[in-house]
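Here the chain labels run A, B, C and D in written order, and each chain numbers its own residues starting at 1.
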């Protein structure tokens, strides 16, 4: 299965007075791609937040920035599965500019926890299938 | 009673590549002052969201921008009560630069609604007292 | 000419702990539609910021919120020209939910100013043509 | 020398519909503390952006989230110098809740580059002194 790709654009409010994408906003863009992936697999953040007994907080995030991005830059974000555990998964993201060159590599680690006690619980079969489609 | 004043600073991520505070972020700063006011009167957003049967969404917002703000600018936000209704209130905000000159005037209209039906309900006596302290 | 329409989705980071779209982020979404319009007419924020002697700050913004939006909500933003002056223009935005019902009406007033002195200057013919295409 | 500490509060717009601080906004808070540190040492982002031949982009960021933060939570951010190189430095941040318990550990790597060519250049003596005051 191919990784999930998501096209986007660097919007003005994500840049800062240095004229470039603010470092924390690379994570905002990565999460935007993640939300698009989740939706593409038939899941919904809304439904999880409203109706499921669990939530999936991010417990680790990291990013390497190789080149600056500027307002109006057209980008493509690729989402990959880096690791699939019993109660957690790690996603990798490459943000590429319009020439296809990678400008940033990011990673997020997600853990399934109960809403009641914030305790780790196993990933559902549906989640595993969706995530394995990214391998 | 004097209006509530709140000192702040223009942080980098609130600016954009035009080198100035992004227009929507004046509202972010005004709300920051509003949260400080609410806290100063012994209320808590956390407690309202967790435990009260109502919420207080903003139904109208407006801003006039008279001069640009830049990163690191020291500002003072003044919060005033502009109107107190049965189920709603209007707050006015002046954002002044370090010389005391107004650089933006903003307004937000808040309505008390039930969490269950999103229907208007009267302001509580405690809220009225807190708001009247701003007159 | 029809107004410009822009499809989007309510992303998680634009919502807040009240479970709804944070009021200032309606402006973020409106500006996202505005940037898409500008790009669709062959202009570029990047090019204006880098190479033009002018910038186009927003001097007024207002919004009326009729119904809450939640994470994952599919929305359509319509951009209209409300007023075209010599040195300024006013845009109107309707944010509609997936049923087509308006949930927010917003407005932004933009003024063309020189980068050097922040003084008003006339809209360029190219800008006028682009804006009149929205009428 | 003691590390730099910065008190803050979790503002509503930094939280999301899951009811907790959005993961990318821990970096926003860390950078807020960093800006306060820079200012406390007599430097200014504004002055660097306007007048210096260099800028200091972040080339790596990472965060570990140990416990969720909620709106109105009072926090303290501690900024430490983790590494001082010729052209770069690494800062570490601990975000602690009101009981002093660490809820997140973050790290940012900053590189001094020329504005003209985005090429690495040595840290200035003034920067080294400021950073060494954090050790």
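Here are a few things to note about the model shown:
Here, contacts are C-beta pairs under 8 Å (C-beta built on N, C-alpha and C of every residue); 3 or more make two chains touch, one makes a residue touch a chain.
Treat the numbers as computed from the prediction; the structure is a model and nothing was measured.
Taking B-C and A-C together, the chain pair joined by more C-beta contacts is B-C. One of B-D, A-D or C-D repeats the interface of A-B: more than half of the contact pairs, counted by residue number, are shared by C-D. Averaging Cα coordinates per chain places subunit B and subunit C 23 Å apart. For the pair subunit A and subunit C, the distance between mean C-alpha positions equals 27 Å. The multi-chain contact residues of subunit A, meaning those touching 2 or more other chains, are 12-13, 17-20, 24-25, 28, 31, 45, 49, 70-71.
Subunit B makes touch with subunit C in their complex at residues 17-18, 20, 23-25, 27-28, 31, 45, 49, 55, 57-66, 68, 108, 118.
Remark: subunit D residues 12-13, 15-20, 22, 24-25, 70-71 touch subunit C in the complex. Contact residues of subunit A toward subunit C in the complex are 9, 11-13, 19, 28, 31-32, 35, 39, 44-47, 49, 70-73.
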